[in-house]
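Two complexes, one shared chain (subunit A), two partners (subunit B, subunit C).
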Partner chain A sequence: MIDSEKIASDFPILKRKINNNNLIYFDNAATSQKPIQVIESITNFYTSTNANIHRGVHTLSMEATNLYDRAKERVAEFINSTDSESIIFTRGTTESINLVAETWGRANLDENSEIVITELEHHSNIVPWQELIKETNSKLKYIPINNDGTLDLSNLDQIINSNTKLVSITHVSNGIGTINNIKNIIKQAKDVGAITLIDAAQSAPHMPIDVNDLECDFLAFSGHKLLAPTGIGVLYGNKKLLEEMPAYQKGGDMILEVTYQKSSWADVPFKFEAGTPNIAGAIGLKSAIEYLMNLSMAEIRNHEIEITEYAYEQMMNINGIEILGPENIDERAGLISFNIPGVHPHDLGTFLDSKGIAIRTGHHCAMPLIKKLGSHSSARASFYIYNTKKEIDKFITEINNSMKYFNHV
Partner chain B sequence: MNDLDDIYQELIIDHNRRPRNFGEPAKSTNRAKGHNPLCGDEVEFFIDINENKIINIQFIGIGCAISKGSASMFTEILINKTIKNALQITATFKKMITTHNFTEDLHELDDLSLLSGISSYPARVKCAILSSHTIESAIKNEQNIISTE
Partner chain C sequence: MSNYNKLGFVYKKEILDRSIKPGFDKLISNADKLITGLNPFCGDEVKYHINLKENILTNIYLEVEGCAIHKASSSFLSDVIINEKVLEVQSMCEEFISYFNKNNDENKQFKNDKLNIANPLLDIKSNQIRIKCVLLSWNTMHNNLFSKNQ
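Up next is the complex of A and B:
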C-alpha cells in the first residue's frame, strides 16, 4: 500500500499555499512534482562531483561518468531491459520519437511504406511522422477510436499489412487516459515484419513497463513526468536496430575517430548522444527511478486505480457531466478528462486555481482527438503518488461550487 | 492571484449565461471569424454597416465566460457607433487588458471596463482579446480567419 500523505511530505512544493489554499496538484500528466531526494541528488552532483564524462582521467570525471552510466543501468532495470547499452538519453519523449523518425525513418521508408499510428496520439507522435512521409513519400494511417476513446481494432489486419514498416502507438492517451492493449498490436505488427515504437510518456510513470515481455523495438518516455527534472528522457531501442541505424546529431562524444577528411561513429548508444549530455538530468532521473522502484510500480498503479475510481464515481454524480474516455478502470490510467455544463474548462481552471487546485484545461496537445470526440476542449485532472482521497473530496466540492458560481441567476 | 470576482464580475457572468445579440442575422455587410487554436474558442461577428455607422452587430461562437461575455458586451456597446469610434474602443480595450494598472480614461469602454482585472491574469488575456481582434477584422472586411496565436 502506498502512503500518499507520507510520500507528499517528501515533496517541498506541496507545502506551498496557492491563493491562500493548500496546493492540490492534479496536473501530473503535464509534469510531476519532484521529491527532495531528486532535488538533493542534483544539488549534490553540482556541489561535489561535477565534471564532464567519458574523457577525463581525473577523479571527478570518473565519478561523474560512473553516476551517468549507473543512471542508464537503473533505466534499463526500470523497463526490464537486460542491456543498458540499449538506453539512449534524450531531452524527452518528443526528441526520442524524432530521433527514430530522422534516423531509422529516413533510412528505411520509401513510397511503398506505410506508418501506422492511432487517433489517440499526442502531437509528438503525429507531427514527426507527418513530416517524415513528406520527405519519403510514404503513407500515414490511423487506427481509429470508438466513441468511448478505446481503439477500434476491428480492421486492424487491414490497417497493419505487408506495406506497414512502422507501428508507433501510445501506451496511455494523455488526452483521455485510455490504456491501449499494446502487446496485441505489437504482435500483429511483428507478424508483418513492421518495427514498433511505444510512446510510454504517460505509462512509464504510473505502471510497470517490461520491454522484454512487450517485445517492442523502441520505447520512449520523459523523465519530468516521473519525478525527474525536465530535459532528460529516454529512448530504449532494440540493440541490433540501433547498430544498423545512421547517427542522429553529429559532433563531440558520438565519434570513434575523426580526421580532417572523415569520421567514424562510436558504438551504440553513444552514437546517438552527440555533445555533452544532460549529466545532472541523468543523475536526477536515476534518483527518481530509485524512488519509484522503492515504492513499486505495481503498487503505484494500484494506488492510482483506487483514487481514480474514487474520483470517477463521485464525478459521475455531478449533474450533466461528460467524462471522456473508457469507463472500465482496467482501460483507464489515473487521469479524468471531463466537461461540466455551463462552465467552460478555462473558467473551471481559473476557478479551481483560486482554491489552490491545479488542473489542465484545453486540448492537452491532442487537438485532433478532442475534436474527434466532439469537444473543443476539456478539463483534465491527473493523479500521482502524492494525491489523496481527501484532495479528491475537495476537488469535487469545488467543481460543484464552480457550477453555482457560473450558473447563478 | 487576486479575488476571483475581480475577473468574473457579475455582469460578465450574466452576459456569458445570457449572451446578447447572439445568432447569425439575415443581413450583414461585414463579417469575420476568430479562433484561439490553443483553447479551441471560436467566434464569428456579423456587422451591418451603413454610412460608416454600425447599425447591427451580432455574434455566434463557443468559448469561456471571458471570451463569450466580452463578445456579448461588445455588441451592446458598438451598436450605433461610427466605425472610427468603434475602432477607438477596440484599441483602448486591448490596451486596457494588456497593461497592468491601466490608468487612462475608460469612459468610452462603458461596461467593458469591468474586464480590466484580466490584465492581472496573463493566461486569460487571449480569451478577452479574441473578440476585439475579430471585430476589427470584420470592420476592415479582411478575409482571413483571425487567430490569437
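Up next is the complex of A and C:
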C-alpha cells in the first residue's frame, strides 16, 4: 500500500508554493519530481567521490567505477534482466531508439524490409524510423488504432509479415495512456523472425517490467520520468544482437585498441558508450530505482489504478468533457488526456497554474495521434506515487471553476 | 481573491469578453483577400476575409478558433486595422510584434495611437509561453497582407 503523503514528504519541491498555492504536480508523464534520496546521491557523488570511471587506479576512480557498475546491476534487476552487460546507458529513450536505428537499422535493413510501429507513438519512435527508411529504402507501416485509442489488431497478421524486420512499439501511450498488450505483439513479431523494440518511457516508471517474460530484443526508457535526473536513460539489448551490431558513437572509452591506422572496439556494453558517460546521472538513476523498488512496482501500479479511476469517474461528471483513450482502467496507465467545452487546453493550463496545479497542454509530442483523434491539442493530467485523491478533488473543483471563468457562466 | 487577480493580469476583462464575442462576424461574400493562419501545435486558427478599396481595409469578416488569448488578440487586431491603409497596417503590425520580441521592458506608448486598442494584451509579454497566442494573428496579417496567394 502506497502512502502518498509520506512519500511526498521526501520530495522537497512539493513543499513549494506556486502562485500562493500548494504545488499539485500532475505533469509526471513529462518528467517526475526527485526525492531527497536521489538529490543527495548526486550531491554526495560530487562532494566525495567524483572521478572518471574505468581508467584510473586511484581510490576515487575505483569508487566511482564501482558506483557506475552497480547502477547497471540495479537497472538490470529493475527490468528483470539477468545480465547487466545488456544495459547501455544513454541520454534517454530518444537516444536509445536512435542508437538502434543508426546501428542495427543501418546494418540490417534494405529495400525489401518493413518496420512496424503503431499510430500511438511518441515522436521519438516515429522520426528516427522515417529518416532510416529514406536511407535504406525500406518501408514504415503502422498498426492502426480504434476510436477509443486502443490498438486495432484485427489485421496484425498482414501488417507483421515475412518482410517485417523490426517491430518498434510503445508499451504505454504518452498521449492518451493506452497500455498495449506488447507480449502478444512481440510473439507475433518473433514468429516472423522480426526484431522487437519496446518504448517503455511511460511504463517503466509506473509498473513492473520483465524483459525475460516479454522476450523483447530491445527496451528503452528514460531516468528522468522515474525520479532520476535528466540526461540518463537506458537501452536494454539482447546481448547477441548487441555484439553483432556496429558501434554507435566512436571515441574514448569504447575502444579495445587504437593504432594510428585503425581501431577495434571494446566488448558490449562499452562499445556503445563512447566518451565519459553521465556518471552522476547513473548514480542518481541507481538511487531512484532503489527508491521505487523499495515501494514495489506492483504497489505503484495499484496506487495509480486507484487514483486514476477516482479521477476518471469524477471527470466524467463534468458537463461536455471529452476524455481521450480507453475507458477500461486495465488498458489505461495513470494519465488522463481530455478536452472541456469552451476552455482551450492552454487556457485551462494557465488557469490551473494560477491555482498551483501543473498539467501538460498541447500535442504531447504525439502530433499525428492527437490529430487522428480529431484534435490539435488536449490537456493531460498524469499521476505518480506522491499524488493523492485530495489533490484530485482540488483539480476537479478548479476545472469546474475554469469553465465558469472562461464562459462567464 | 489574490489568485484571480494574478490570473486577471493575463486574462483582463476585455480579453475574456472578446474571447467570447470576437465580433466582426458579418459574412462577406465578395472578399478581396483571405488571410489564414494556423498554429498546428495547439490548433489556434484564424481567417480574415477582407474587402479592400483603394488599398484601405474597408470590411473584415473574422473566423477564429483556439484559446481565449488568440481569439481576443484576433479581435483586437481587427479593430486596429479596420479602415486603415495596407501600408499602415503593415507598419502597425511591425510595431506591435516588435514590442513582444524585444527583451527590454520598454515604454508601452505606440507611435500609432490606434494600437492602444490592443493594450490589454501587453501584460501577456510576461508570460513567455503565451506570447505566441497573442502574435499568431499579427504575424499572419503582417506576413500575408501583400501575398498574392492569400
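Definition applied: the second predicted complex is superposed on the first by the 408 of 409 C-alpha atoms of A that agree within 3 Å, B and C clash if a C-alpha of one lies under 4 Å from a C-alpha of the other, contacts with A are read in each partner's own complex, and residues count from 1 in each chain.
Rule of thumb we're sticking to: a residue touches a chain if its C-beta (ideal position, glycine included) is under 8 Å from a C-beta of that chain, and two chains touch if they have at least 3 such contacts.
All figures in this text were calculated on a predicted structure; none of them were measured in a lab.
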- So if we stack both complexes on subunit A, do subunit B and subunit C clash, or do they fit? clash
- Message: Per the contact definition in the header, classify A:344: touching subunit B only (first), subunit C only (second), both, or neither.
- Response: both
- Message: Quick one: is A:354 in contact with subunit B, with subunit C, with both, or with neither? Answer first, second, both or neither.
- Response: both
- Message: On the A-aligned overlay, A:236 touches which partner chain: subunit B = first, subunit C = second, or both, or neither?
- Response: neither
- Considering only the touch criterion stated at the top, classify A:21 as touching first (subunit B), second (subunit C), both, or neither. second
- Note on the structure: Check: subunit A residues flagged as touching subunit B and also subunit C 19, 344-347, 350-351, 354, 361-363, 367, 375-377, 405-408
- Considering the complex alone, what residue numbers of subunit C touch subunit A? 2-4, 6-7, 10-11, 16, 19-20, 40-43, 66-70, 127, 130, 133
- subunit A contacts subunit B in the complex at 19, 342, 344-347, 350-351, 353-354, 361-363, 367, 370, 375-377, 405-408
- Item | subunit A-facing residues of subunit B, complex | 1, 3-4, 7-8, 13, 16-17, 37-42, 62-66, 68, 121, 123-124, 127
- Item | Residue numbers on subunit A that touch subunit C, as the complex places them | 19-21, 344-347, 350-351, 354-355, 361-363, 367, 375-377, 405-408
